[in-house]
Every structure is written in C-alpha cells, then in structure tokens.
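Supplied in structure tokens, the structure appears directly below.
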Amino acid sequence: MAQKVALDIPDGVYVNLGIGMPELVADYVPAGREVIYHTENGLLGMGPAPEVGKEDPELINAGKKSITSIKGACFFHHADSFTMIRGRHIDICVLGALQVSQTGDLANWSTGEPGAVPSVGGAMDLVAGVKTIFVITQHTTKEGKSKIVESCTYPLTGKAVVNCIYTNLAIIDVKPDGLFVREMAPGICFDDLQKVTEARLNRYEY
Amino acid sequence: MINKIVKSAADAVADIFDGAIIMIGGFGNAGTPIELIHALIDQGAKDLTVVSNNTGSGQVGLAALIAHKRVRKMICSFPRTANSTVFPDLYTKGEIELELVPQGTLAERIRAGGAGIPAFYTPTSVNTPLAEGKEKRTFDGLTCVMEYGIKADFSLVKCEAADRYGNLVYNKTARNFGPVMCTAADVTIVQTRKIVELGEIDPECVVTPGIFVKRLVEIPKPADEAKLVAEDRRYPWS
Amino acid sequence: MINKIVKSAADAVADIFDGAIIMIGGFGNAGTPIELIHALIDQGAKDLTVVSNNTGSGQVGLAALIAHKRVRKMICSFPRTANSTVFPDLYTKGEIELELVPQGTLAERIRAGGAGIPAFYTPTSVNTPLAEGKEKRTFDGLTCVMEYGIKADFSLVKCEAADRYGNLVYNKTARNFGPVMCTAADVTIVQTRKIVELGEIDPECVVTPGIFVKRLVEIPKPADEAKLVAEDRRYPWS
Amino acid sequence: MAQKVALDIPDGVYVNLGIGMPELVADYVPAGREVIYHTENGLLGMGPAPEVGKEDPELINAGKKSITSIKGACFFHHADSFTMIRGRHIDICVLGALQVSQTGDLANWSTGEPGAVPSVGGAMDLVAGVKTIFVITQHTTKEGKSKIVESCTYPLTGKAVVNCIYTNLAIIDVKPDGLFVREMAPGICFDDLQKVTEARLNRYEY
C-alpha cells in the first residue's frame, strides 16, 4: 500500500505523512524523484530514522519518533508550520482513517465512545489546508467491517476532503460523482471488492 | 542594566499563583521545560489551567503536575499519547477538564494572543464536533469558525542558548511551541541549556527576541524525559 | 529534482499577467527587488494592483513602474516619502487608486493571507478615518476592526542568500516584508545576492523555508536604489 | 525636550522612537540606564548612526536613516515586529504630533486637506499597542496656533492614547480628569502657558 502511494507522489512536491502506516511511504520514493517531507512539529526536509545510538531526543517527527534532517532542511515553530498547512502550501498529505465516506468525508481521530479521551492533533488542520489528501488504510476493520462507508458514523475530521483511498484491496479515487476503483489487488475482482465495501463503488469507463 | 538571569528554577517560578493560566512548551518530549515544571510542583501552586500540546508522559514533568492534582483544566491538541496515563485516568473519572483544540488552531490562538489579535477565522474543524457552538462565517465560499487568541499569566519554555537580554535559540524540533508561547504570557520563564554573552547569538538567527522573555535560568543538563519514563521515575524523586 | 533557479530576471517575471495582484518587498530602499521590478517594466504587464509599504523613490524601481502607468492601485502604508513624487502626482490627479493600510495591519493581512486566515480582528485604527466602513467588534472591552487577509498572484522579494530548494536568508533590515510576502502569493519570485549549496544555510537560521518560494534568480550586485535616485537616473536607462 | 523625555525613560525598558524629533531622545539616555530601541522595520537593539562611509543601505530605521545595531540586537520580519507593538510588548513610544487633545487624542498623520496624500505608516499600530505614549512637539505651530487643543480637528491617529506631552514650554501629563502641568520651561508661568494653550490646563496640588 505504502508503495502504491509513493508511486502517486510526483517529483518535487511537499508532503506531510500522518502517524503510523503513512510514515512508511517515505521508504518507497521511486528513484529520480525528490520529495520534501514536512513534519508539523517544525521541520521541512525530514530524513530517515537515525542509526541506533545516534538519536537526538529533540529531533522527532509528529509521531514522536526519532528522525534525521536532510541537507537543505529547515526548522521553524508551530505557528509557521501550520502556516504551511492551513495556507495550502503543502501539496499532499497521507493520513490513516477509521472511516472514509463515499463523498470523501474522513473520520480518523475519535470513535466518539463515551469516556474515551479524544485526541485530534493536527489532523483537522491538515485536511482543511493541504491541497490533496490521500488515505491509506486496511479495507476493513479487524472485525471485517467496511471502513469505506456510505456515511461516517464516527465524528468527522473533515467533510469532502479525501481525494484517493489506498487499501490492501484497491486504489479508489473520490470523484464528485462517487467512488471510482482505479486499481485492484491481484486476485480481487470488482464484485468481490463491492461485497466488502459498504459504499457504492464505480468502475472507470475506458 | 538588563539582566534576566535568575539563579534557580525555584526562584524563577516563585510567584506563580493559584488559578494561573500557564503555557508549557514542548511537543512529546522535545522542548519540555521539565526542570521548571518540577520547580512548580515543589512550589505548590494549584487550580492551574495549562496550555500545552500534550499532557506529559509517565510520572514526571507535566504528567506529575497533573498527578498531583494541581491542574484544573488542560487546553491541548493531543492528550492521549503512548506513555500518557495520568491525564486519561483523571479525565475518565471526570476529575480534570479538557478543552480540545486542533494543533494548528492551538498554535495560531497562542500567536494571536501574543500579537494583540483577539480573534481570527480558520477553516480548521468546520463540519466536525470541535466546531460545535462556535461562530461560523463564510469568506469567498470558505466556511470558517471564529477562534479567540489565548493569553497566559506565565509561560514555561526550554531553549538551547540565551543571552542576558533574553534572546533565544532552540535545538531542532524542540523549538515547536516555544517561540509563540514566549509572546503570549505576562511572564515568560525560560530554562536554557547555556547562557552566552551578548553578541554571541547572530542577530540574524535569534528565534525569540529578548523582549518576549522575563526570566532565564540556566539548566546545563536537562533531564531526558523519555529516559525518566523508561526508568519509571516519579517526581518528586522517591 | 527540485531546482527553483531560473536564469534571468526576465525569465522569472515572464508570466506576470495584466491585472495581477503583486506584492513587492522592501521598506524604503532596504530590500527592494529593483532588478525584478525593472524586468517587470520591460515585460509590459499592466493594470496591476501592487501591495508594498511605500511607492518607490525617484524614477527607478516601483516609482518607475508607477510612472509608466502600469499600476492601477496601490495598497500601502506610507505612499509619501522624501523622494517620492511619482505616486503623489498621479494620486493628486486622480490617476491611481490608493488603499491606505496601517503598517502593522498591512503586515498582518499579508501574513494572514499566507497562513490561510481569511480575516482577523485588530484594535489598530479604531476611532480613526481608516476604520470607517469596517466591521467593528468588542472583545473584553477592546474595540477592534475586522481586517481581511491579502493574497497575491505574484510576490517579488529580495534576499541575501538562497539554495536551490528556495530556503532564504536576508540582510539586516532588508528582511522587512519579504518573509510574509513569500507566503502569500501563488508564485513567489526572489532575487538573491548569491546562490549557495544545499546545507550551507544553517537549518536553524533559515528565515523563509523553501516551500514558500517558486523561482530564484541570482543578482550578485543589486543596484543601490538611493544612489540611483541621487544620480537622478530613470528606468528604462536613457 | 528630547532630554526631558529621556529622563522619564526608566532603566531596562523597550522603546520605539517615532520619525523626526523623537529620534533625538536616544542621544540623551542618562548614564547607567540600559534602554533597548525597537524600530518597526525589523530591529530590536538599534544603535547610533554609523560613521560616515560605513552606512549599510540595508540597515535603516523607520525614518529610513542609516543606523547601527548593538550587541545583543536581533532582526525580524514585519509581522513579528508588529507582534511586539500590537501585543503590548513595547513599554514606551515617543511620537511627534500635529495635535493632542485634552483627553489624550492624538492626530499626527494627516491634516485631512483635500488632495493631500495620506501616509500613516506604523503610527496607528503604535498608539493602539504600546503601553505608554509620550508625545514630543513644539507647543504651537509656526503660525502660533496651539497644538494642544480641546478637541482635534485633524483626523485622529488614536483616541485617548497619549500619556504625557513634552513641548518647548512644558511637560504636561494626560490624566483621566484633564491635563496637568508637571513642569514649565524657565521663565514661563502657568498663566502664560494657558494663554498659548487652547486646551484647559490644570496644576498639580502639592
């Protein structure tokens, strides 16, 4: 999945990677492409994890993991960092999801259960400000429920914000007239995919 | 003569009062002014409102301040992190208030507070539960919520180097909320890894101009919060 | 590969279109991207709205652009300076529009435009003619006006050094409006005294992160506007 | 006048000096006091004018004159500079005036004449944001008209913003209950002063 996302990230763009699975995308940048990673806690030009023993506790990413900085990187404070986000300067953001609706609504910060401690971080700012939002997620929950739904039941992160969904089963574009399957995993056919997907899927006509 | 250096963390936080609004820098463990927070625990002020991105980890720093029931309310974006159990426990029991603010809105509200901007509009959180009850307004088709600037009585911030005027530079991603929090408090208190002479910080590279800083205390070897948590340490040290 | 360097000022400004909104950096003569402005005069775009603190001096730079009737409207804080006669003459004759904005409000409106903040409140200008017709609102007893963010199609900025990613540092008070203007335009065009290798600018000291810059052109010896004015030079050079 | 203002600026404060006469205040700081000058075009720690021939055209003050920077100075951009001003971080600002009213209204940016080119610069931000505003001005215009008036006839810079007026004839405090003369120039008596002052003056009772 992360590799598929990486293939869709063009040369020369600025990308923010969400916490968790999205972080893996950086490992698959195709040769010849230069992509600059933004981490909202104050770094443009995030590099790979440091060698063991070379970690700096004051050089971390949004997921609080140790990272490095590349040549040509720069550090800045949080208000400047979210100027980049809210001001539509970041080209692509890759986020995880609890649910995505067929109109591109995203729920990824809270299950809304009573008593749960809600934590939002930068997710709402990212979906409000980044030009293109990719979601990377398992197609279904551990219990087998579709994460691609008609309408989100969990609290929203943003409405009509997702541009493309990358799952273990398919790549699905969110278009004004619905969800369109662009690619399926080997051995999966459209009908199988629709069966495990609550939202209505469409095929591209060629 | 201008000399903002005080001799200890205890002196630096001595006048923090019950009920104060306190901003605390840091994102995860990076940039947390842990020695200042521990001095605040010793000092005893209570009924505090704390503005900070997280709620601390383990039983040290901000988590310890919360564990000692000194904090009435947290204003933050991400209270639930890997090693954070103190806040979630109290929150679930209804013993601490939470104002959850998206991270960028939190940073901008603090900047606004420091910049004399009482309120601003942002599209962040529109159509989500966090926009409920907030004023909305549409600009060129973009629906926004109105958000208020935040000001504090005190800010506690950690930096890398400082001069006696209070000019500061930070280390890498430990910069995070420090610069905006310095601007937004009546009294900004900074712990610095080192004090340098005037002129040693390149005037082109100062991140926080001294005008935003009231007190400085040198803490040459600040604790590594992650290590303390891994060792299961508790403050006050037992 | 990311390489924002273009080979000439003419190439850098080639796509500026009639009717564009253009931000131009500089305060007095410090930080004025004079070679970019001259390239724009050569290029011919007209009916421009220009956002800049002043209106230029003598018959070079911004003053020359205005003298050639390319500017429909100025948005600025201080149009009348010692050596500025071009703008005042046209303004008195009613041949150019002026939106007068207090300097701090101008800077903040540009920052807001770049930061995705469509509007904010400020106490500046309340009870003065510049607040007339603006929405007012009182916050904790402080009456404010609502001001809108400003965005531009292009920003023209001058800096001291830049790398191919577009990371910038400035020289002293020539920094002024550059950093906020870089954030607020669709296309930010920067003239730099020198291009340096990636990594030569300390990542802790970058003032404008490269993400805000689209094109760079190296102008190793930019003209000193004050000297040109003292010598009564006119652009295009005669 | 500038010397009198300088005497009223305490040790350790941050001061912004307006264009013109206010700039002279920096020449009279009493020995033993450390005062940091802010210039709104992006410098905290403004020093005196440079030696002739050592000017840097990119190091100027708000009046566009060549200056120097002191040890411990720092440079910043305009939005950060006005964060200092609007955010009430500057302690004292010294400004010139066209008129000051008896309630502390200030007019110093435009005579409001038709056809005149209005220029406001940072004056409105300064009076809205700086904690204490000193005005330094000739007591009367060249034509002998009082600049200290009942009510400003020129367009305002700010309402009820001035704390103290320093003229060639007197030092006058602006109090909630009116203007109080704190000091008069040698050879001037209160009645003479009132005669050349349109606004009503009061004496302190000791």
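For reference, chains read A, B, C and D in written order, and residue numbers begin at 1 within each chain.
Throughout what follows, contacts are C-beta pairs under 8 Å (C-beta built on N, C-alpha and C of every residue); 3 or more make two chains touch, one makes a residue touch a chain.
It should be emphasised that the depicted structure is a prediction, and the values quoted were computed from it without experimental measurement.
Number of steps on the shortest path from chain A to chain C, with steps defined by chain touch: 1. Using the contact threshold fixed earlier, the set of chains in contact with both chain C and chain D is B.
Between B-D and A-B, more C-beta contact pairs are found at A-B.
The distance from the centre of chain B to the centre of chain C, with each centre set as the mean of the Cα atoms, comes to 34 Å. Separating the CA-averaged centres of chain A and chain B is a span of 28 Å. Rounded to whole angstrom, the centroid-to-centroid distance between chain A and chain D, based on C-alpha atoms, equals 54 Å. Multi-chain contact residues of chain B (touching two or more other chains) are listed as 108, 111, 115-117, 122-123, 170, 172, 204, 207. Of all residues in chain A, those touching 2 or more other chains are 69, 75-76, 79, 82, 85-86, 128-129, listed in ascending order. Because contacts link the chains in a way that matches no line, ring, star or complete pattern, their graph is best described as other. Checking each pair of chains for touch leaves A-B, A-C, B-C, B-D, C-D. Residues of chain C touching chain A in their complex: 1-2, 111, 113-117, 163-165, 167, 183, 198-199, 201, 203-204, 206, 209-212.
Across the complex, chain B is touched by residues 108, 112, 115-123, 137, 139-140, 142, 144, 148, 169-170, 172, 202, 204-205, 207 of chain C. Those residues of chain C lying in contact with chain D across their complex are 27-31, 53, 77-82, 87-88, 91-92, 98, 100-108, 110-111, 122-130, 170-180, 207, 224-226. Chain contact summary for the complex, chain D toward chain B: residues 11-12, 14, 34, 36, 38, 44-45, 69, 71-76, 79-80, 82-90, 128-129. On the side of chain A, the complex with chain B involves touching residues 39-43, 56-61, 64, 69, 75-79, 81-82, 85-86, 112, 115, 117-125, 128-129, 155-159.
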